[in-house]
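In the part that follows, the structures are each spelled out as structure tokens.
The following pair of complexes shares a single chain, chain A, combined with chain B in the former and chain C in the latter.
Let's turn to the complex of A and B:
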């Protein structure tokens, strides 16, 4: 076993353990903090894959924006932030079945994939990942249309949020 | 290659020789040397942090026409050590009903979010924390996200209303001022064609980016001060209303961690000002002159970078001890209605001017960039002046109506 594999296994255990704690902790703020650590584990996985840009964006977007928003929402909607809710709600069996089904599906799907057993080819020296990503997102032969459609969707969401919260006098 | 031109490489080769001589596998020895390097950097930063306490107290004293610490040692230099001893021997209290684990993790996370910033700072061309990280600019924002998290954890776990309100305010400020900061980080990226700090510094020869984008430097400084939570944006601590804000319940060294983290954070952002707009470790092109080639040593580079960081830190202190606190609603309105639109327009104008002037002579490029920044800043201030005058007239008009009704 190489050093990288050991690190990957530790990170994967950390991420999965945090994910489990998100589901089973009784305190909502603790669940949100465990979610932060699970997302951080995903960022470390990206870093292990030499995708530094994705790793940093994962931290900026998911921890810096979404997780903070979660914590804010919990803090602003609960009367007492130390309340201990029930551990499971009525849908727990449905969630369990769904997650097992997704895991089994991915497992069987990946078994037939040749890339699972092979090793990735090395990244050539001087490979500019961000430059390639930027070119792909803005070139007509690449993904310029989905990129623009996604930005239109975001603008629409922004306008909608302003409209909903606008206080007409 | 000698110790003077590349001390880290020479030292690590020497250590590698010793460790492998002991029969250690090479990979283990390299990991060990990497950890030693991290330990060295963090240890130097913490020692620097001790002296930052002294510098901060001395400088604030001069701004307030006092002398500052002057009893212990020459110029009061031993004072910070006395401060640390005091912090360590203080009682370590935990408020009743506090969330113990989160309460104890928060100060560590706060200090950590500052220390990890130094992983991307190039101290010299050869001394880079993470090699070839082409995302340095985004990394600052990511570390800031962890800092935000530490503050919200501290405020929530203290079981104290003042702490919670302070944390709310600070997080609102940090989340909103992140946007102009991220936008301003893109402007050196446009000039350098890379987000890596080493490339940004190398691109600042012969002219530093401050001359291309003075307005961007000013906006970045304002956003950085807000991110640091220092006056005039220090409503997270707001002594007159919130006791001490998010760190109200912390005592002893746990409070010390927040305090030391804040000082080092301010110094680090002074360093980012130096790196992004004033040429980082470069000595304004002096080291490129053949007769002065001996200046090309990491020792000189580190000294230059620290001097520039210290200058940025001094400006941040100057602002802190000169201006008074702004109200939170004014501050958020200032960010969302003035700073964010201005920074977006500035980014677009800079990208456009860069595309137009790319092939022209250096002086045309510099003049065009400088003038576009100045004109844009002037227009923005004029718009703000007209708007605020109208708002003031509205409020004063209401006042005179109320006075007339009373009589």
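Let's turn to the complex of A and C:
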């Protein structure tokens, strides 16, 4: 077992443990903070995959913006820090069975897939992944149209969010 | 080198954890937290398929992951705005009790 594999296993266990704490923790602020650590584990996974830009964007956008938005939403939507009553609904066992079934199904589907043994090809020397990504996002031969549509979606969603939560008084 | 299967199984496990959160939590904000976990596991798959694909100079996987980032940000903004708006009117964030549109 190489050092990279050991690092991957540690990061994966950390991320899965944090993810589990997100869904079972009673206090919602704790759940949001566990989400931050799970997102950080995913950022390390991107770094292991040598997707440097994705790792940085994960930290800046997910942890810096989305997780903080969650923490604000948790603080705005409760009167006291401790929620009343159970945190799980009455059918939580059904959700547990279904998610275990989904994992088992995906696992067995992967076992039968021939591409699973594929190995990563070496990144060519002098290959500028971030520059290539920028070219792909902005060149007409690449993905400029989905990129622009995503930005329009983001603006529309933010305008809609402001409209929905606007306090008319 | 980490095998591709490890990344895919890791992402499948994270997806299942998020799915459990979505299906079993009562709080609407906690349901959105579960959705975030599911979106992240999908992004791990996209990045892994970019790295282990035939042509690593083809950036499609990373571009797709970035679009998922943008869509996730939009989804969280609208979702949390709806939760806060409902909380103002009904004074609850429990998904079972938000039934104004139930006929």
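The rule is short, and it goes like this: the second predicted complex is superposed on the first by the 141 of 169 C-alpha atoms of A that agree within 3 Å, B and C clash if a C-alpha of one lies under 4 Å from a C-alpha of the other, contacts with A are read in each partner's own complex, and residues count from 1 in each chain.
What we mean here is this: a contact is a pair of C-beta atoms (placed from the backbone, for glycine too) under 8 Å apart; a residue touches a chain by one contact, two chains touch by 3 or more.
It should be emphasised that the depicted structure is a prediction, and the values quoted were computed from it without experimental measurement.
**Student:** After superposition on the shared chain, which partner residues are touched by A:29: those of chain B (first), chain C (second), both, or neither?
**Tutor:** Only chain B; A:29 stays clear of chain C.
**Student:** Quick one: is A:75 in contact with chain B, with chain C, with both, or with neither? Answer first, second, both or neither.
**Tutor:** After superposing on A, A:75 lies in contact with chain B but is clear of chain C.
**Student:** Counting residues of chain A touched by each partner, does chain B or chain C come out ahead?
**Tutor:** For chain A, the partner with the higher number of touched residues is C.
**Student:** Counting only touches as set out at the top, which of chain B and chain C does A:144 meet: first, second, both, neither?
**Tutor:** A:144: touches no partner chain.
**Student:** Just to be sure I read the superposition right, which of the two partners does A:152 touch: chain B = first, chain C = second, or both, or neither?
**Tutor:** Neither: A:152 stays clear of chain B and chain C.
**Student:** For A:91, is the partner it touches chain B (first), chain C (second), both, or none of the two (neither)?
**Tutor:** second
**Student:** Just checking: does A:10 make contact with chain B only, chain C only, both, or neither of them? Give me first, second, both or neither.
**Tutor:** Touch partners of A:10: none, neither chain B nor chain C.
**Student:** May I ask you to decide whether A:59 touches chain B, chain C, both, or neither, giving the answer as first, second, both or neither?
**Tutor:** A:59: touches chain B, not chain C.
**Student:** Determine where on chain A the residues touched by chain B overlap those touched by chain C, and list them.
**Tutor:** 53, 57, 65, 129
**Student:** Please give the residue numbers of chain C that touch chain A in the complex, ascending.
**Tutor:** 1-10, 12-27, 29-30, 32-34, 36-37, 40, 43-44, 47-48, 50-52, 54-57, 59-60, 62-63, 65-67, 69-78, 80-85, 87-88, 93, 95-96
**Student:** Within their complex, state which residues of chain A touch chain C.
**Tutor:** Residue positions touching the partner: 2, 4-5, 8-9, 12, 15-16, 19-20, 22-23, 28, 31-32, 35, 38-39, 42, 45-46, 48-51, 53-54, 57-58, 61-62, 65-66, 69-70, 73-74, 76-78, 83, 85-89, 91-92, 94-96, 98-100, 102-103, 106-107, 110, 115-121, 123-124, 127, 129, 132-133, 135-137, 142-143, 146-147, 150-151, 153-154, 156-158, 160-162, 164-165, 167.
**Student:** Going by the contact rule at the top, pick out the chain A residues touching chain B in the complex.
**Tutor:** My answer: residues 3, 29-30, 33, 36, 52-53, 56-57, 59-60, 63-65, 67-68, 71-72, 75, 81-82, 128-130.
**Student:** Touching residues of chain B toward chain A in the complex: what are they?
**Tutor:** Chain B reaches chain A through residues 27, 31, 97, 99, 102, 133-135, 138-139, 141-142, 144-146, 148-149, 152-153, 156, 159, 164, 168, 171, 175, 178, 195.
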